[in-house]
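Which chain is which? They are A, B, C, D and E, in the order written, and residues in each are numbered from 1.
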Amino acid sequence: MKMLEVKNLCISFGGLHAVDRFDLSIDKGQLYGLIGPNGAGKTTVFNLLTGVYKPDEGIVKLEGKDITGLKTTEINKAGVARTFQNIRLFKEMTVLDNVKAALHRSYRYQTLTGILRLPAYYKQEKAMDEKALELLEVFDLAGESEVLAGNMPYGKQRKLEIVRALATNPKLLLLDEPAAGMNPQETGELMETIRFVRDNFEVTILLIEHDMKLVSGICEELTVLNFGEELTHGKTTEVLNNPEVIKAYLGE
Amino acid sequence: GKKDSGDSSSSEGSETFKIGGIGPLTGPAAVYGIAVQNGADLAVKEINEAGGINGKQVEFKMEDDTHDAEKAVNAYNTLKDWGMQMLMGTVTSDPCIAVEAEAEADNMFLITPSGTAVDCIKGGNAFRLCFSDPTQGIKAAEYIGEHGVGKKIGVIYDSSSSYSKGIYENFAKEADNHDLEVVAAEAFTADSNKDFTVQLKKIKDAGADVVFLPIYYDETALILKQAKDMEFDTTFFGCDGLDGLLSVEGFDTSLAEGVMLLTPFAANAEDELTKKFVADFDAAYSQTPIQFAADGYDAIYAIKAAAEEGGITPDMSASDICDALVTSMTKIELKGLTGTISWADDGEPDKEPKAAIIEGGEYVMK
Amino acid sequence: MKKKIFKNNMITYALIIAFYIVMQVMITTGSISSLLQGLLVPLCMYAIAAVSLNLVVGFSGELSLGHAGFMCIGAYASAIFSRVTEDSLPDLPRFLIAILIGALVAGVFGFLIGIPVLRLRGDYLAIVTLAFGEIIKNLFNVLSLGKDNEGLHVSFNDAAVMELGEGGEKIVDGALGITGTPRDSSFTIGIILLLLTVFIVVNLVNSRTGRAITAIRDNRIAAESIGLNVTKYKLMAFTISTTLAGVAGVLYAHNLSSLTVKLFNYNTSILILVFVVLGGIGNVRGSIIAAIVLTALPELLRGMANYRMLIYALLLIVMMLFNWAPAAIHFRERIKSKFSKKQEVV
Amino acid sequence: MGFLSYLINGISLGSVYAIIALGYTMVYGIAKMLNFAHGDVIMIGAYVVLTAITGGINPLVAVLISMVVCTVLGMTIEKVAYKPLRNAASPLAVLITAIGISYLLQNIALIVFGAAPKSFPDFIKVPALKLAGGELVISGVAMVTIGACVVIVVALTFFVNRTKQGRAMKAVSEDKGAAQLMGINVNATISLTFAIGSALAAIAGVLLCAAYPSVTPYTGAMPGIKAFTAAVFGGIGSIPGAMIGGILLGVIEIFGKAYISSQVADAIVFSVLIIVLLVKPTGLFGKNIQEKV
Amino acid sequence: MAMLEVKDLDVYYGVIQALKGATFEVDKGEIVALIGANGAGKTTILHTVTGLIPPKRGEIIFEGKDITKIPAHRIVERGIAHVPEGRRVFADLNVYENLKMGAYTRKDKHEIAESLESVYERFPRLKERLTQRAGTLSGGEQQMLAMGRALMSKPKMIVMDEPSMGLSPIFVNEIFKIIEDVKAAGTTVLLVEQNAKKALSIADRAYVLETGSVVMSGKADQLLNDDGIKKAYLGE
């Protein structure tokens, strides 16, 4: 069964067909790339997949289960997590709490338990701390667990967003330009980490990126969007050598 | 001077009586509190110049309650710390009810100059100078009925004010007994007390021949203006709250022509006491006193009369003073600005309301 | 961080308890002024109101200008209960039940109102809560309620219309409100309720639920994307806050023998907001201190006579500038860092 | 006939709310702050006019003087009390300071002018319009108020949309830093907004007290709150919204009193507001802007 | 004499020092690149130059005149435009209004119209979207708008903060071409970039920034071949 199956997805804003008859199909465990020129509708696809926008038409299936039109919260519960192109951290919270907030559904206790500080509170909080630190460790952020998220440099904020998404224990992880604002060296490290995550967290990854080094370095397959429509899809090397893609997107 | 008033260890061996006052000195009701304060100050000054009470000087201190029950209790406690022996206050009803409960517990003598709600003088320690709400409502209905002012009554009252609502309700009850019909009773609240066109129109349409206004004069001024604009020509009849109407700065008194009011005090009454008071008041504050000022003035004189009757001295405790005054209050008769007053056991005053009609920009007593 | 929070909370509790002990000692030795003694219950009440509002404004990030409305509901509900059962229940249990009733009724209203209203954001939420507070005020203002041998009678018109029969007694009398409520509030109970409020709020905030609430405040869309139920947690914060506001209302109603709606207007809602903001948004201890300072300040300024409220206003502005203006904050930081540097040298 | 006359009364009451609301909205649009002191600037404006007129100054000149005084007052308040908090960590800080200013103005007025209400002379000498044989009366003040309201809305709309200063205001309201990078003097623009808002407050004060001729230190408080409600009702930040919101509020208030109950008129007004906002969460004219994710 | 001289800048955020004696200069007609890691202080330098942040110490001299204490809006009048980090377009205004905003300091209607045309020519996408609210543009479209808006003031010098961030590869090339065009049209460019390789390839000279100070400077092509730079900033 496919991890993600999207059929005939459409949305328009006013007269603009931001995403038009879009199909996508991703296998379990894949590292899949979504690329395309600026304004092609990539972020909009993410917004449709995560319920931020409701599609005008089309079906989204996650492991065969129809999740079209569900609320963002429910889609996350179904197993989709994401990061944002313009970073959306909980800025006034610590790095650790950002991650713990995302562990919300995995480690439960009643509100009253929390207020009364019953033993379950301490047990679950401790477990959460451990889990969160473990995740932060992967991205080399454990040392900053007590820093306010908003006070961190840009690159680290991007990484923290990935950790936070990962903490909801998703089946499918959507990354929107994870390397934006990073220098080549940091991007290189990030590539390693993304691969590591895919391998060790049993998660399928769909990412948007303009950094071709990253895309060609880690994506197995690509779909190219142009003016809301699919231009082509296929193996990364094939797609990147497709003359149409070069003309519309890569240049040179 | 050596008038050390801040010292709280007062009562023993003290040479002066300490009378406290409480009322709104800031906030939307400040005009009433300040009037009472000014009237009382004037009375205290006169008394001290005339040798004081039982030969002892009087100190008077007024504290602000912003027309709020909780602040009034704070004011009361502040005055207690100051060494208050008798309380003249509070000026408005709701705070008075709260303070009265404290005063009763402390057995502190209390006379409210203008708290009209029944519960203001619940305890045995408390007296009232003005008419209570029921009294005013009943007397107004009586007067309108007996003097044939009209038959069909429209009422505009302030449903957010216990004073106004209290009078109105008692008036409505009593109206039946005098063959009066309340054809329209329209409310407003402190939050929307600017536009009365709707109330007036409804009353006009109901065919009222008298409009009863158990409210204060500032709103009345607006009502009269709006009635004139809509050419609603009728008799307006009010209670003591209307006193002050003619002295509103800049008010076009022709609007008030023919307005009747039932009030114990009118600033242009011809008796000597009133004339002197108005002149002194004007000299001190360059204003014409409203009824609240007269209430404050009379309340202080009531204390003086009772104090002399009971023969109290400044070194007595507040509680002893209270016991003495409670007995003597029912024995005295005060010839005050607001009438000749005697008091019953329950603390209610017994005095005659005077009816006045505004003619030619003057109150004319009936 | 955890340790720091824990320590911080302990300081808050310790300060409250220390305050209580000092006051009790002063009361027993008779060295307390009547004014201060009279202020003790109101201080507790305002502190509770401020801490509870902080849950909404500080942690949930919503601007509510109707907090006084919920205090009003708590006050009236409990006062009616106490008046009705005055003769049939002993004091303490009656008051405890009254507290529960006040809290519960205010909480239920908070919940019901919260459902539609919390969809709004920012200033729109503020105006709707303000409007709600005014509606409550207006309705209670014209509410008459009486009891006689046949039971309770309610009227939203004139009390004159409500003909009470044999043994009739008015309990709520329109604008005059409720008079003669048993005066069950005491400083001790006030402090216990304040401690309880602080306990509930700080423990809530530092729990899983609290994290969800603050996350939603910081970024609603991101919070949704990690599966947090926005409506649920906003509503929860709001309801808990209104419940506690109800408790503050109960304290008020049972402290004075006159209860009218006048206190519970938007000015009071705003005043409580002033406590919260001046004390530092999201800072529970700050809320309490600000509530105490700003409640006591007008009383301390009584000596200034006519200028009292003027000076109060000026001080409020100056305190706000000192606490919040970035320039003032930098200045304070610089002084602080200089000071700590000097200490290091020594 | 009742209906029509209620409607006219509603519109004229509403026009006063509308003019106050316009000042609110202007300032809100730029400073993103609820200027709770706005109502009290109105009160000061009214006192100034009154003092000038009783001092024998021509009413029109008096109104101009009042506008100047209020403008200076508004700009000073902004400079002293609001500007230092412009970059404060929370937008609520400046809201609270505005409340402090409101208390301050009320208490200054209390000390300077006293607590007693002062009546306003009839200085707008426009004759009333009588229709339907005297059944329907539109007072001169009402006509002037409604007229003034329309003129102000048109002028403001033109100013904000068509002039350079107006565009600068929009830019400043969105991003002060970026506006500076365009060459916009942010301080001057904000000052200008407060100046306009305060001048409007002066006009509102005059018209309020012409229609309801009584002024006390607390005269501005309740109309201020109502106008704030009106501004939100119409969609805060929107100029036509403020006008429509104000007028609707006036009409609802009057109709509520006339046809439902004068006792719960306040509750009716606020209930309608709540219902409208639940249906249209950003007010009648507010832009419902979806955040781009 | 250099067009822009920056001497010994110290800048603080509260108690945090972000710049420590930063010194550099830009000659007329040059493209000068500033490179450095995250948080090195690049953005801070640009903000200080265009007057958004006051420095605690140091001097900024533009065309021989001291502009250190001049407020931001006056600096624009003197001819420096700024393409800020994160674009900061006016989200609620439409594309056209945003562009007009860029010409705020200019008076001549005719010249403004000319500039508009040349912006449309450089960024045809903007012309298609004149009435779209800027807040709903895609990331790349917003970047074009920010650039177009800055050009609308007809600056003598333009400072750009990471203009290629979030742009598609074809458009990154495009942007760098546009930057070269801008230079060719006589405008001086001060460029901050994470994409150091691209930046150095079009720049005349460059400065390397570390924790608030300039640690290295030189001709762009020299730096491009410097081993240290290669390792630290070019990811090779």
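Here is the rule we use: a contact is a pair of C-beta atoms (placed from the backbone, for glycine too) under 8 Å apart; a residue touches a chain by one contact, two chains touch by 3 or more.
Computed from a predicted model, the values in this text were never measured in an experiment.
Touch-path distance (fewest steps) from chain B to chain E is 2. Annotation of chain C and chain E: jointly contacted by A, D, touch as defined at the top. With every chain reduced to the mean of its CA atoms, the largest distance from chain E is reached by B.
The centroid of the Cα atoms in chain B and the matching centroid in chain C are 34 Å apart.
Separating the centre of chain A from that of chain C, both taken as means of CA atoms, is a distance of 42 Å. For the pair chain A and chain D, the distance between C-alpha centroids works out to 48 Å. Shared contact sites, meaning residues of chain E that touch two or more other chains, fall at 136.
Multi-chain contact residues of chain B (touching two or more other chains) are listed as 26, 159, 187, 189, 191. Shared interface positions of chain C, defined as residues touching 2 or more other chains, are 134, 138, 142, 221, 306, 309.
Chains touching one another form the pairs A-C, A-D, A-E, B-C, B-D, C-D, C-E, D-E. Across the complex, chain A is touched by residues 37-39, 86, 125, 136-141, 143-144, 162, 165-174, 194-197, 231-236 of chain E. Contacts from chain A toward chain D in the complex involve residues 43, 47, 52, 84.
Looking at the complex, you find that chain C touches chain D at residues 57, 63, 116-117, 119-121, 123-124, 126-128, 130-132, 134-135, 137-139, 142, 156-157, 221, 266, 270, 273-274, 277-278, 281, 306-307, 309-310, 312-314, 316-317, 320-321, 323-328. Taken in their complex, chain E has these residues touching chain C: 14-15. Of all residues in chain B, only 6, 8, 25-26, 63-64, 66-71, 73-78, 80-81, 93-95, 97-98, 100-102, 117, 119, 122, 158-162, 164-166, 168-169, 172-173, 185, 187, 189, 191 touch chain C in the complex they form.
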